[in-house]
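Have a look at the structure below, then the notes.
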Amino acid sequence: MVETAIHDIVIVGGGAAGLRAAIAATEIDPEASIALVSKVYPMRSHTVSAEGGAAAVAREDDSFEMHGYDTVKGSDFLGDQDAIRYFVEQAPRELTLLEHWGCPWSRNEDGTVATRAFGGMSTKRTWYAADKVGFHMLHALFQHSLRFENIARYDEHFATKLLVDDGTARGVAALDIRSGRVRVVLGRAVILATGGAGKIFPFTTNGNIKTGDGMALAYRAGVALKDMEFVQYHPTGLPGTGILITEATRGEGGHVINADGERFLATRDYGVGTKAELGPRDMISRAIIQEIEAGRGISGPYGEYVHLDLRHLGEAKIVARLPMVREIAKIYAGVDPVHEPIPIRPVVHYMMGGVDTDIGAATSLPGLYAAGEVAAVSINGSNRLGSNSLTECLVFGASAGHNALAFAKDSSAGSEDALRRQGEEEAARIEALRGKQTGGEKLSRIRADLHRAMESGCGVYRTGETMDATVRAVAELKERYADVALEDSSAVFNTELVAALEMGNMLDTAEAVAHSAASRNESRGAHTRRDAPSRDDQNFLYHTLCHFDPAGPRLSKADVTLGHWEPEERKY
Amino acid sequence: MGDDRRKKTFVISRFDPDRDDAPRAQSYEIAVEPDWKVLDALNYIKDEVDGTLSHRWSCRMAVCGSCGMMVDGEPRLTCKEAISDYGDTVEIAPLANFPIVRDLVIDSDGFMEKLKSVKPWIIRAKQLAAEEGPLRQSPAELEEFKQFSMCINCMLCYSACPVVANEPEFIGPAAIALGHRYSLDSRDEGAAERNEIFRGPGTVFSCSFANECSEVCPKHVDPAAAVNQAKLNAVVDWALRLILPRRGGE
Amino acid sequence: MARNAHPRAMAPAKPGSTRTAPPRLPDRFPLGGRYLAYTLFDWTGILYLLLGLLVLCAVWSLGSGESVWNALLERHRSAPYIGFHAIALVGVVFVGIRFFGFFPKAQPPRIGPLKPPPGPVILAALYALWIGVTVVLTIVLAGGARG
């Protein structure tokens, strides 16, 4: 018998989007019973590592039109323009609310919120909190959420299955990591806010927990994953560890230089024009890879890299605006950016793709909503501008919270018996996996091989051949995964079991990424093919949808909502 | 050969409540890369040597606060500690002063309760509407509390504090520092409420000046400063209430 | 391995879903590493207790007549008492230095509109006060002893 708990709505994921959704639902109804199910304590969510800032129109010389256009252009015209308009209009309100809730935004002398320049943004609209915006936003949201007794937290509960009754999402089955027992957490609507899946790649800014859990939950429940081929490589990550060095370093004036000390983004034609280091991420990542391939990179124990030079900013500015960058560089790269350049190379950072949602954060499955990096509305299209993502979590987290609660209030509960039985089946599946002795595969080997396959076929530069090979490799890995053997048969806090369950999610997500990538025969945004180097609006101006099917994923197309800004050549 | 890798022995505390009466030590000898952090060694042991080892970690860049453990008897963030700073044998144990759930994993729920007890949120008589726009706060006003807002909730300070070890009611350094952070925030109006909390048992006056919390804090929050400032504030607030009539709004 | 801390240290209000091992003290507590200074700092409380008793005796002696007072002063010139006073002096100076060391950072950033002076100024003022009071008291008591 699995323990069952009943709430009004169930939110999976306790980062910026999940917490914002919980607070939004509480705003509408302080008596609403809200479950917040997270596989880690909320302040450990990966929102915490975001550094640079969150974008919203703030200055007199800015407008929704400009922010919208920058975002559409940054998306290489694959972003849905109605969603983008909604997003930019809600953005200042959301960041203002964060300010009211205690977020320590950095300030101008006159006490107004300060803004900094960021990649692809035509003016300064990135609100920031030194260089720890994600940390400050997450802690402000979490601490604000502590005021509300109606938010019931299920900390260190790993949701492994979406429970669906009568065609409606009604809750999740979640492994209580501490006790090893499965709980059924029911609501009349479910919100996924579980973040992205950078851990399917070997070099990523992402933490251990970013394993595509929510994407896999939705995918296996029959909901499409949209635009999964678009994986953002952040240009400036540390070689080896992949730790993020924020775009704010470039926003504050940092230079990217090659082995000859040349500011190649300014001196050579990489499509970023006069913006140079402040160009969009996909272009800068490509530029760096090209410099390395041309032999102008620097060799190191973790491969080739280039330099990020902050020396000319001076110690005072670095200490005031980029203190965490300095600490990270010293601890993890062994350099003091005041005196030496930082080694950097593109690393996987963000998934533009995700669970297919509309402006109201609703998916095709009634009762199921998604917000934040796990979702693709899409406002980011084929490439996201830096500092749009944190704002996205807030705007669509709020949208999801409001709409999910409205749906729940208007909806009957599912059949508790039927849902509990699904939970019991899931519990049995997990029990069979725990300490599974039979099998010839090692989890760490499957992970290493997945990393190799994704790096090879879904890197910054792709070819039909490498992508097809990756598609086959992922299919093979899924078979090998069924044969995995585990060592830890304990019930209490079994992290090997959690890792094995995460691996299942990673493989499903990787399958969607690889298949979607192989099907797009053009280059757009972050998806760059050597064998199809131009953008082809005639044939490929659509969103890729990937549906789960045991015989192999089914791909289809969805229209991009245009209407306001006409697609044009993307030059800066 | 170019073999930069050295062998080190990790003596790790293990505990499975279903099998062990009490925690026991288990040794692992592995070859380590020169640029590893202690966390990298733990992950290697889990991935390649003993899949039954349980530990918490996530960001690996010293900002999520998950990976706090005792390394050679001192509370540390294992993702921040360079292996090269340690000798040939490294002892790793779960954080001191916490109940132990499994191996290197401790029970954090007591900490979560203590954190909440200081009302760590902006208290205002009248809630602001978004349309009113952001409040103004000068850079100087931000500096007043900024240091105390840097806490990543890693709980190393709780492991170091002798009062936490001996007085279960003590809410501890991070909780007090967080409450103090809000009281210092120019946008907050709840200092009086928190001063009252801080005159209660198990709060600031349980602190006996060990300063260990500030010694071990990886984010330079200096919780000892917060706790001792809070003592003075609590006393001054009490004295002023005796002399002056109660100010409106309470 | 380490010894146990208080059995309910950091325990949540309600017991968790699984059995836990009792919390352990940090290895070096109470006499290892930095804890030694802290433990000694705490133990000076015993010195204060004894000093307090001595002061009470002295006040009582003052009220009991000159011969009793002189007898007390004689006692305090003997070896054991001088030994105690030497230890107490070291203890009190140690406590003073450690305690004063906390003062600059224990100052609240503001009391109303007033900001406190910078750390070094506070420290200088504290030491000046301490030394000043010590000098004055020494003169007064030395005069009393002579007279």
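Letters A, B and C name the chains as they come in the text, with residue numbers starting at 1 for each one.
Operating definition for what follows: a contact is a pair of C-beta atoms (placed from the backbone, for glycine too) under 8 Å apart; a residue touches a chain by one contact, two chains touch by 3 or more.
This one's a predicted model, so the numbers in the text were calculated from it and none came from an experiment.
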Label of the chain whose CA centroid is most distant from the centroid of subunit C: A
Chain pair, B-C or A-C, that carries the greater number of C-beta contacts: B-C
Geometric centre distance via CA averages, subunit C-subunit B, whole Å: 28
Chain centre separation in whole Å, for subunit C relative to subunit A (CA means): 55
Per-residue overlap in subunit C, given as positions that touch at least 2 other chains: 16, 18
For subunit B, residues that touch 2 or more chains besides their own: 17, 101-102, 109, 112
Interface hub residues of subunit A, defined as touching at least two other chains: 178, 492-493
Contact footprint of subunit A on subunit C as seen in their complex: 16-18
Contact footprint of subunit C on subunit A as seen in their complex: 176, 178-179, 181, 492-493
Residue ranges of subunit C touching subunit B (in the complex, touch as defined): 1-2, 5-6, 8-13, 16, 18-30, 32-35, 38, 41-42, 98-99, 102, 105-111
In the complex with subunit A, residue positions of subunit B that touch it: 16-19, 35, 46-48, 50-52, 54-66, 80, 101-103, 105, 108-109, 112, 115-116, 120-122, 127-128, 130-131, 133-139, 141-142, 145-146, 149-150, 152-153, 178, 182, 185, 187-188
Subunit B - residues contacting subunit C, complex: 13, 15, 17, 20, 22-23, 25, 70, 73-75, 93-94, 96-102, 106-107, 109-113, 144, 158-160, 162, 164-168, 184, 208-212, 215, 222, 224-225, 228-229, 231-233, 236
